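Take a look at the structures listed below.
Next come two complexes built around subunit A: one with subunit B, the other with subunit C.
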Partner chain A sequence: MNKEEVAAKIKDMLVENLRIPEELLEDDAELFGGEIGLDSVDSLEIISGIDDMFGVNMTGVAKENFRDINALTNYVMENAEA
Partner chain B sequence: MNLLEINKRIRQRPPFQMIERVTELEPGKSATGIKCVSVNEPYFVGHMPEYPLMPGVLMIETCAQLCSLVIEPDGLDDSKIYVLLKVKDFKFVKAVIPGDRLEIRANLIKGNPNTGLYEFDVQIYVEGQVRAKGDLMFTAVEKESIYEDTSDQR
Partner chain C sequence: MKKRCVITGLGIVCPVGNNLEESWNSIVNGKTGLAKVTSVNPEGCYADLGGEVFCDSLPAPEYDRSARLCIKAAEEAIHDSGLTAEEKSRAGVIVGSCIGGAVSIDEYMTAQKDGKEDDRRIPNMAASSIANHTAAYLNLNGVTANIVNACAAGTMSIAYACDLIRSGEGDLFLAGGTDPFSSLAFAGFHALHALSEECCSPFNHSHGITLGEGSGILVVEEYEHAVARGARIYAEVAGYGVNSDAYHITAPDPSGQGQMDVIRRALASAGVKPSDISYVNAHGTGTPKNDEAEFLSLHTIFDGTDVSISSTKSMTGHCLGAAGAVEAVFTVKAVSENILPPTIGYTEEDKKALPEKAGDLDFVVNESREKEISLAMSNSFAFGGTNASIIFSKDKHEMPETEKDKVYITGFGKILSDASAAEENVAGITLEMKDFTERGVKLGIFRKLDKFGQLQLVSGIDAFKSAGITVTEENERKIGTIIGTSAGPVTEVSNFQKNIVDKGCTAGSAFTFPNTVYNAAGGHFSIFTGTKGYCATVANGTQAGLQSIAYACDVLGKGDEDIMLASGTDEGSDMVTYFYRHSGINGSRVLGEGSSTVVLETARSAEGRQVHKYAEIAGYAMTHSAGANSYSETDALEAAVRKALANAGMEAGQIDRIYAVTNNHEQGDREREALAKLFPGKTVSDSRDKTGDCRAASANALAIEAAQAIDASEIGSAVAVSYGCGSYTAIVLKK
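Let's look at the complex of A and B:
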């Protein structure tokens, strides 16, 4: 799976599970601030969604890896088993 | 599963014990439970004196207790406890009143042992008619962590 495909799956998960309007979800849009404004409960859902989709456990991972879709994608690409 | 067997599996006790019988239980998948609503229940004193109605939050709690039986059929690691994380799309279709026999159904729709996140689709029926329905999400937390953040506020 290439980077674009991973980013697209993360975006779909954010739209479906957290009901974030798709038009707000630019790849560099800040997830936990600004207009989107996610909170700690949402982060647990992101962790679970990433684990379900890619088998990557982000429990306890530094918060900068949750900043936006780009950061989540990079973490998954670096930590997913080939 | 009768009340004595339920008592071995869940920690809630009267007047906050909501599941009185379990008629079906498939660990990790689903359960059906029963609660008989009596006018003697303490919350009816104030809700409402002239028109007793079961509070919606207690219907959610009733569903949550059944879900806890599905997640932890043999008891959980003593250091952890499952807590309600999110209530999604709950609808209270029709009032629950004294005399109603609630049939509560819970189906696991997402469960991830790695992250401890579980999501259930739940419904409450009375005589085959839906009274409430929605989704409940739970997570496991360390018991000690619940009080950690408040220790410096005393």
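Let's look at the complex of A and C:
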């Protein structure tokens, strides 16, 4: 899976599971601040979604990896088993 | 309002015992009921402990486990209280529950997965069925309600039973809570990482909760009634309080403000000081967030007093909607036997570390102790931000009297489906982000709402606007909400459960779980508006939309609040559609959805704000029929109307118009006949032809229509009446 495909899947998950309007989800839109404003419960849902889709466990991973879709995508690309 | 409420009977089934004697012995001896769970499959989960009830003699296998546990505890409480069959038949049932019929939903979906349709489970799925089934099984014909405010529900039910006694709506209630062990709660708390790997360790390791199950039922009785029949009195209800954090849908306010406020409310309603309290049965779940906030609250209120504190959840686990009731049973026993129950699980090392957190407060560690206890408190803090606190007294204790003011409707809001737009006899409402943006709701809140919460927020905000209410620091504690519902957040519950049935307990959604509790809609509303007063959700069939008005009037009568919103809200869902189609209970009527809210305000507050008054709530009454021929549902309908008229000081002949939501099957014919006989020649208005059957929302909207007609001087007075789950609520409105 290439980077674009991973990012697209993460975006779909955020729209579907966290009811974030798609038009707000630029790849560099800050997820936990600003307009989107996710909280700790949402982060649990993201961890579970990433684990389901890519088999990557993000439990306890540093906050900056959750900053935006780009950061999540990079973390998945670096940690997914090929 | 001067009536005194006493506890004359106790019944319990919980992880530490199948009856009162067994359970209390376990508590006194510090015995745990926690072990590896057997009723759900924890495969793949990081935690696998729970407190389960193993009882071969649970009655009524046709009902959901929540009702079966409740009936078991209620039978014991009735026996313990020495009630005759005749006395018992007049008792009401007020039951708290968090998850309602989650076990039935699980069983239904599991059977469906195997290609079987088990329709018998469907009527057991909604929390509305618990009190109704308990009343039917035991032939109880007093006022019923299911209070569905998550983990505070058990405590609130006892408090509400006292409100009903004090306002003259009954002398005798079986009040408490019930919840079964369920995959829904297990997977939900697992997803939130709120389960503890070890046995929960409240005020100690605080690594999370261990779930429990069970039911606690107390016989709450008017003092003179108890004395007249020579009943043994365990304790007296000295005071209680209920409020809302308005902070977060799952987490407690870390400042402990809401918790402290509710404790102070209970103390004030009892007219006592913190130093008068000998024992506190704490909420003490063992999550880091709860324990931290609760330590802070307890220190702030009780430092410098001789109070002793423990969490019996260390033995029973967290029994959710039953927790407050199970703990009330233990607190009443503590008062009547002068024994302090312990918090178990402290090692020698833990004991050494305790003073750092406990300070001078006396935490009862590992072993029970004797102590003269005259007043004891039990606290419950719930999802949705609902808090409840109750105080039991050994001695005679009259609650300070409050003066009852007139109550007016000063605003309303409603959003109901349009029957003419129905497809296949189902009409729905589609709400978009813009509907919320224009009401000032930001994405952060909108995103979290399920349909049930969306509908409630819209009608509530519109009602606030219509009544010209602005929430400020001065009035935030004086405004509360009662929401009535028939089926609650069915869609969210179904979706959550379906995932677990398909993929196991690891597949619970942390995002969805908070909305599976019935009071989430009330919690979201309170968070958005910042209202911190009384907050309750009642599940009790269609008529819950009117019962919420009667409930809200009783809350206003207690004097803590000036303004109460009373709503009726029900959403459509595939499950509801399926049920209505297969059971045929809706006849040919369109099934709708919606939410309706009226603003109720004391005369003093309305006049102070110089706000428009649409109509006065002149009287109200609630009744219930357990279904026996000697007192049929039609009899209960007539009784509700007659009592409401008597409470309003009016005759049937003085009523100009009737607004009624009646049954859609043959019972509806009997109901309309009864109304025609009570009010000969009067119009009976029912707008469900236009909106579809929006259940609790349709019932609540009756009050709005009546108030508007009165305000427009079309009529001078009206009766609004609705059915649901064997219960009826009638409201008399006048100019």
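In this section, the second predicted complex is superposed on the first by the 82 of 82 C-alpha atoms of A that agree within 3 Å, B and C clash if a C-alpha of one lies under 4 Å from a C-alpha of the other, contacts with A are read in each partner's own complex, and residues count from 1 in each chain.
Throughout what follows, a residue touches a chain if its C-beta (ideal position, glycine included) is under 8 Å from a C-beta of that chain, and two chains touch if they have at least 3 such contacts.
Keep in mind it's a predicted model, so treat the numbers as computed, not measured.
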Checklist entry - Thinking of the overlay built on chain A, is A:E45 touched by subunit B (first), by subunit C (second), by both, or by neither? => result both
Checklist entry - In the superposed arrangement, does A:M1 touch subunit B (first), subunit C (second), both or neither? => result neither
Checklist entry - Is A:I20 contacted by the first partner subunit B, the second partner subunit C, both or neither? => result second
Checklist entry - subunit A residues in contact: does subunit B have more, or subunit C? => result C
Checklist entry - Can A:A62 be said to touch subunit B (first), subunit C (second), both, or neither? => result neither
Item to check | Touching both subunit C and subunit B, counted on subunit A across the two superposed complexes | outcome: 41, 44-45, 48
Item to check | Touching residues on subunit B, where the partner in the complex is subunit A | outcome: 85-86, 110, 112, 114-115, 117, 137, 139
Item to check | Parts of subunit A lying in touch with subunit B, wherever the complex brings them together | outcome: 41, 44-45, 47-48, 51-52, 57, 59
Checklist outcome for this item: subunit A residues touching subunit C in their complex are 17-21, 24, 35-37, 39, 41-42, 44-45, 48
Item to check | Complex contact set, residues of subunit C against subunit A | outcome: 191-193, 249-250, 433, 442-444, 446-448, 509-511, 514
